[in-house]
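What follows is subunit A paired twice: with subunit B in the first complex and subunit C in the second.
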Partner chain A sequence: MDLHSMIHPAYGLYLALIVGGGVVAVFARSLVRALSGLIVTLFGVAGMYLLMAAPFLAFMQILIYVGAVTVLIFFAIMLTRSSDGESGTEGGRIGRGFLAIWAAVFSTLVLAAVVVRHMPNAIPLKPEVSMGRLGEFLTGPFALSFELISAVLFVAMAGAVLLGFERRIAK
Partner chain B sequence: MTQLLQLFANPLVYLLVALIAILTFIALNGLILVYVERKVAGFIQRRPGPFEVGPHGLLQPLADALKLVGKQLVVPRDADRILFWAAPLLSFAPVAVCLLPIPFGPHLVGLNVNLGVLLVLAFSGLNVLALCLAGWGSNNKYALLGAARAVAQSVAYEIPLLLSVLCVAFTSGSLNFAEITASQTHGLLSWNVFTQPVAFLIFFVSALAETNRAPFDLPEAESELTAGFHTEYSGMGFGLFFLAEYSYMIVVCAVASVLFLGGWSGPFLSGHWWMLGKIYALILAMMWFRWTYPRVRFDQLLNLCWKWLIPLSLINLMATALIINLVR
Partner chain C sequence: MNYLVMYHLAALILFGLGLYGITCRKSLVGMLISVELMLNGAGLALVASSRLTPAIDELGQIGTLLVMGLAAAEATLVLAIILIVSRRFGTTEIAEIATLKG
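This part shows the complex of A and B:
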């Protein structure tokens, strides 16, 4: 038994985490439970990155998404929650259920048809890219997209600050 | 014998043995630190501390542990049972992963990964999540207030912490704990604490805040919030939070000694003694702070972070980058 024999069980485990977390996130009645489902899914995705020999992305996924983004979502839930912390929309359940099943079946059929028609070849796994190379790529060929993302984030941050200030003045 | 060695060479078996060793270390360390903390508190307040159970109260932590294990587990009414019990587990579980990549000696390391620093930072961030779930799942206003404070505090202090770690990563050009240690083995002056003193200060202050230790123990704040996020926990639910806090102290002190104090490097003694000595020296400093400083107010806590630590760490980072570019 060596590490390579663990690839398939690990893949199965991560897949189960992703799907299970997603199911919990969709079907949970309480928002915080749904958020825990999302966290489980994010962990599964991080595991997938590890399998793809991209540990940097995996750790960043945990650091940023699990450690920061979900905590912010949690904060938002805590500040805005109703008295019982649940947000259910009642009425039209049967119609909704029918539409949901139809959407799931339709998208599954389309995806299955595409995969069967154009079966992709297995891509040989590339070796782990070192941090130095990653940095060179981000500041070299991909510098423009990198800067664009920074600009978008900066605009979002400035907008948040602006909104906060306006509300304070209005008081 | 050779078969046993071959078995040990299997990476999975090695990892398992390392995990068991780390969990043993964590448990022993919890017992020792409970005793040390109570003794230090006693000495600082000019009283003997625990003295009755065993010689000099040495068996006190064992009695405490037995008491905690024997207590009934109570779930408050209308609490979210699953999240309520998931929280202490989620708080404690990442600790073992955090200690895996840390080299306790030249060859004493659980998992030698290139991105070890990142691994520790990523998994230690899960503690906030556990505090949130605990606060929310308890269905108690004190717990919820504690959770809200924990979020604001941890999110704020993570930034200067990461920036000060980045300074060290710049100077040693690696995120691998073993390589960072190796770059500090050329005598006392090659330790990063001398090349990056500001980063060390920022790191240690932020680490105190991240581990919710006094003077930054606002999520707990027993004089205002009863016990903050773990108000409703009894028995081993509380015990796990307690153990997790002491284990995170070990984690941050181990990371601080590897990043800034040369890790296992030192003369005469073998590496692991130096590493343990540095870790426990930092932990004693943390206890000393706890019993010396009063708790900060919440606005003081956030002002310290956003107005002082973050700008300072940004300036420090830019200066480091500039100097490295000039030297090269």
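This part shows the complex of A and C:
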């Protein structure tokens, strides 16, 4: 079965999820709503992984991002009570939103032009890589990066705990 | 337009939205959400490049997995930093965290 002899209809659905969720995540006033938009986007990206026959990554995406990272961000919103923090004024600079749009659109368009002009031809979708093969790869040639990412995770979490112990400083 | 380009354009949309968010958001949590958007775009581009070209399959998938791990570590640290900032300054608005401003 060749999923990619043409553009798969599910691609449109996932693209709609990604774009809709991303727009909500970036433009919503309330941070809780923005976080919900981020979750929708994450599911859309997981769907695209499934469409590319990488189910392990799709499940990891849901497990790590939707399960862990968004919960962390939700804690950040909750502990700082900043859910309505976005409704303030523009912070003095009139053209800031305009400049932000310009920066994002310009860099995206440049990259899109490069992508469209210089992308090599795609090959038909390769057969799915088994999870055992991925594990062999992770413990074989990628063993050092595997160990390093564990060390980085440990250091980050130990540092976060250490930072959390700081006493309240009188201002 | 082949489907490799389509996946890369989806990743670019994520990148653009995240870049807009990180420059325009006024609170640290909003910027963190935008960074997560950009990281997802990077992962999508990596997987598309490894799955739909003759490149090594495992390379892209493991690379995306490492990106996810780094994103988790980064989110943890940023959560701690946001907590410290909100304790010291009483706010997470970036315009008011301006002690070093000359």
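Points to keep in mind about this one:
Just so it is clear, the second predicted complex is superposed on the first by the 141 of 171 C-alpha atoms of A that agree within 3 Å, B and C clash if a C-alpha of one lies under 4 Å from a C-alpha of the other, contacts with A are read in each partner's own complex, and residues count from 1 in each chain.
By definition in this document, contacts are C-beta pairs under 8 Å (C-beta built on N, C-alpha and C of every residue); 3 or more make two chains touch, one makes a residue touch a chain.
Predicted model, so just to flag it, every value in this text is computed and none were measured.
Of the two partner chains, subunit C is the only one that A:134 touches; subunit B does not reach it.
Applying the stated contact rule after C-alpha superposition, one finds that A:68 touches each of subunit B and subunit C. In the superposed model, A:34 lies in contact with subunit C only, and not with subunit B. Within the superposed three-chain model, A:56 lies in touch with subunit B and with subunit C [touch as defined at top]. For subunit A, the partner with contacts to more residues, out of subunit B and subunit C, is C. When the shared chain is aligned, subunit C comes close enough to touch A:45, but subunit B does not. With both structures placed on the common chain, the touch criterion links A:22 to subunit C but leaves subunit B unconnected.
Overlap of the subunit B and subunit C interfaces on subunit A: residues 56, 60, 68, 72, 75, 85. Residues 4, 7, 11, 14-15, 18-19, 22-23, 25-26, 31, 34-35, 38, 41-42, 45, 48-49, 52-54, 56-57, 60-61, 64-65, 68-69, 72-73, 75-77, 79-80, 82, 85-86, 88, 91-92, 96-97, 99-101, 103-105, 107-108, 111-112, 115-116, 119-123, 125-126, 129, 133-134, 137-138, 142, 145, 149, 152-153, 156-157, 159-161, 163-164, 166, 168-169, 171 of subunit A touch subunit C in their complex.
Every residue of subunit A that touches subunit B in the complex is listed here, in rising order: 1-3, 6, 30, 32-33, 36, 39, 55-56, 59-60, 62-63, 66-68, 70-72, 74-75, 78, 85, 128, 130-131.
Residues 1-10, 12-21, 23-27, 29-30, 32-34, 36-37, 40, 43-44, 47-48, 51-54, 57-59, 61-62, 64-66, 68-84, 86-93, 95 of subunit C are the ones that touch subunit A when the two sit in their complex.
Residue ranges on subunit B touching subunit A, taken from their complex, read 10-12, 80, 82-83, 86, 113-115, 118-119, 121-123, 125-126, 128-129, 132-133, 136-137, 144, 147-148, 151-152, 154-155, 158, 175.
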